[in-house]
Structures are given as structure tokens and as C-alpha cells.
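Notes follow the structure.
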Amino acid sequence: MPDIDRLGRLQAQLRDFAAQRDWDQFHTPKNLAMALAAEAGELVEPFQWLTPEQSARLPECTWAEVELEAADVLLYLLRLCDKLGIDLVAAGEKKLKLNAQRYPIDRVRGKALKHDRL
Amino acid sequence: MPDIDRLGRLQAQLRDFAAQRDWDQFHTPKNLAMALAAEAGELVEPFQWLTPEQSARLPECTWAEVELEAADVLLYLLRLCDKLGIDLVAAGEKKLKLNAQRYPIDRVRGKALKHDRL
Amino acid sequence: MPDIDRLGRLQAQLRDFAAQRDWDQFHTPKNLAMALAAEAGELVEPFQWLTPEQSARLPECTWAEVELEAADVLLYLLRLCDKLGIDLVAAGEKKLKLNAQRYPIDRVRGKALKHDRL
Amino acid sequence: MPDIDRLGRLQAQLRDFAAQRDWDQFHTPKNLAMALAAEAGELVEPFQWLTPEQSARLPECTWAEVELEAADVLLYLLRLCDKLGIDLVAAGEKKLKLNAQRYPIDRVRGKALKHDRL
């Protein structure tokens, strides 16, 4: 199934999931942003004591944990965007174009600098 | 264009974006998880002093800020999953199924409880 | 016991705690900042579905959870500052003075705006 | 001046700072936890592309940035604890004792494992 259907279907399923549980009362954009931040914290946690090299070769159980935490971030991100009428993929495409302008290849090659410090 | 193409294309564009800038050296899963957490913090920031009601009716400039911060979270999430070989949408679908088991409708209706406290 | 002794003693105890466990190899500033972010996520989590009013009248079990998460943030903050040679309390005093300049009483009374938007 | 006075004085100054600006309306524990998470994200950001080694030898400008972000985390942590009636230093002492029980020296030496996986 094409992914607009998959992402859109997932977003619609999240909407139903919340409606069936009468959870829309909790799902204000403010609360969803908090929940996303909490999940981002859980996504960071398995990496915190790893070397950069170890983080690229995760043991299976850690990989599976990261997969679920990444999923949680996606679910809250989709839900937040649904509530705010943001087209998430279009926003990503727009931001990537902005990043291409902010970080010209010849000025940032091999350097990790913020655009306001170039 | 169907969205699997759009998401997959965005992920491929991110790969090229990093390669052209010789940024793969910085994009370890550990570092990408940190960057995602930093962006999640920026996504929380515009909501922190708003009432729940205000957060649902954002002024245009705040909405546009949230759109870009949500995009940043998506971009790092796609990049992290690319580096780890995680299929992000499939992970989201799997997690939603797990949530449906953990939060049976008749036990959680109208209640915001963690599954381990039901 | 005066608190400089208490905070300084706590910081020294954390140093011993890590040394006894041979954990200094893990306690780079980078890793400690990650751990702090993960704990900040855990501190947010108990509040995410609460109304602002509910958050001010926590049930005892939630209060106790928040107390421990706040403690975790403090411990990593002390440890990070110890590793970097930052005097945490002096830094707080300095930042509060800066905030007093950035947010003049007569310009911000009753308004929650960032200083760069005043 | 002993630090209990310094920390307690800083907490009292924060209370006055908010009262003078009529900001108590914004400073619910929920909002303060969000603000702390946003600051934790800002504290992570300067470290995200650094190697562990680089993070231990920060350039002066990055060090100064980290000092201010650490201060922001402290200020919101003090404010949150003030609002909830949590004694922050006592909480830290209590948590360190709990950690000593959870992580016995002879079982965790040289290992970075969560207590529930020992």
C-alpha cells in the first residue's frame, strides 16, 4: 500500500483510537507536545552510556526497544499534527529545503555548525 | 505522489544531504537521538506557557514555528531510523497494535492511566 | 548543616559513587547531558495528561514520583557541572540577574513572552 | 554565605521575580516541568555533534553556553520544587541512597546497566 495511505491510515487509526477511549479531552496540542518530549527522553535513554560506535551496532534487545520508542515519537507527532492541521511530510520537505539554503555544501562540508554561526 | 514514495524520497534526500556535507561522521544513532531530543525540547517550548485551550488555537506565527519544529523532529527520526534499519511506519503500526492490547477500550475509557497502572 | 556543605557534600558523594563503580568512563559531559535530558522526560511524563490545576494538587504517589525524578535531574546536573568545573549555584545567580535585565518588570507584567519578542 | 542560604535565597528570589511580573499564573507545576524539559533540550544541543572527548574539553564559548543552560535547568527545578513543596537537596540525598542500594558496587563495577536489568 502506498505510504500516504499508510501514514494517513495510521493517523486516522490514531484518531479512532483516541475517540473510542474518549481521550480527545487529554489530547490538546500542549499535552501531546509534552508526551512527545517524554518519549524523546525514552528514545535517548538506551543510547546514553554507549560509545558512538556501540550506538551503531545495537544488540537486538536494545534495537527493539529503540524501534518502539521511535514509534512512540512518530505516533505523538502524527497526533499533534492531526490536531493542528499540519501536513507532517510536507513540513519535512519544506524544512529540508530550508536547511539546504542554510547549510550550503561548500561552507559546511565536514563541519557541524549551527547556521547562525557559519 | 504516494506517500511511501514521499517519505522514502525524503529519507533518501536526507541521506544525500548528509553525504554531500560529509556529515555521516556526526550522524551516529547516539548523536541523532540527542539531536531529536533537542528538537523535541524546541517543540515543547512554544506551548509551555499556553493554556490547553490556547494550545488548540495557535496564532499563525506560533503555528508556523510548531510546523518547523515538528518537521525537525521528523527529519531526525527518519535519519535515525535510516541509520538503524528501522522501518518507521511499520514500527508505528506495530506500536499502535500493542497499545490497543495494553489499553482495552472498556477499561480506559475517559481515563489517562499508564498501562502498568490499570 | 548549611547547604553549601550539603550541595557540595552531595556532589562529592556523587563523585565517590561513580569512582567506586568505575563509572567515570561513562560520565563524559556529553553522556551526562543525555542522561539529564532522559530524566527531564521522566519528570514531564507524570504531568502530561493533567490539567494545570491538577498539576498543582498532585496525589501523594505522583508527588513522590515527581520528587524522585526532580532528584535525578539534580544529581545529573551536579555531576555534569562537577565534570565541567561549573559552579551551579553561582551560575543560577548569574542567570537570574541576566533574566532581570531581559525581562523588565514594567514591560512583561502578566505576559509570557520570550525576551527576543518583547 | 553558606549554600542553604544561597540556594534558599535563590529560590526566594525566583519567587519574588515571578510575583513582581505576575507570572505565577503561568508557573503551574505542569508548565514548569515543560519549561525544564525545553531547557534540558537546550543543554543537550551544544553536545550533540561532539565526540565524548570533545565534550570534556569545551571551547570557552560553548562552556559559557552550557553554564547558562545548566543554570536555566536549575532555576526551573528550584521553582518547580518550590511550587510543589519538595526539598530539592533532601530529595537528591534520598535518591542517592536509593541508587546505592540499587547499584551494589560489586555487581555494577564498570558496567552501565539499569537496575532492573542487573
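Every chain is named by a letter (A, B, C and D) in the order it is written, and numbering of its residues begins at 1.
Everything that follows uses one rule, which is that contacts are C-beta pairs under 8 Å (C-beta built on N, C-alpha and C of every residue); 3 or more make two chains touch, one makes a residue touch a chain.
Values in this document were obtained by computation on a predicted structure and should not be read as measured data.
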| task | Can you grab the rotation angle between chain C and chain D? Superpose on CA, round to the nearest 5°. | result | 180
| field | Equivalent interface positions on chain B and chain C, same or different at half | value | same
| Using CA atom averages as chain centres, what separation in Å is found between chain C and chain D? | 1
| Interchain centroid distance [CA atoms averaged], chain A/chain D, Å | 25
| Residues of chain D touching at least two other chains | 26, 30-31, 33-34, 37-38, 40-41, 44, 47, 49, 51-52, 112
| said: Under the stated contact criterion, what part of chain B meets chain A in this complex? | reply: 1-8, 10, 13-14, 17, 20-23, 25-26, 28-31, 33-34, 36-37, 40-41, 43-44, 47, 50-53, 55-56, 58, 63, 66-68, 70-75, 77-78, 80-81, 83-84, 86, 88-89, 91-96, 98-100, 103, 105, 108-110, 112
| task | Write out the stretch or stretches of chain D touching chain A in their complex. | result | 30, 33-34, 37-38, 41, 44, 49, 51-52, 112
| query | Hey, which residues of chain C end up touching chain A in the complex? | reply | 26, 31, 34-35, 37-42, 44-45, 47-49
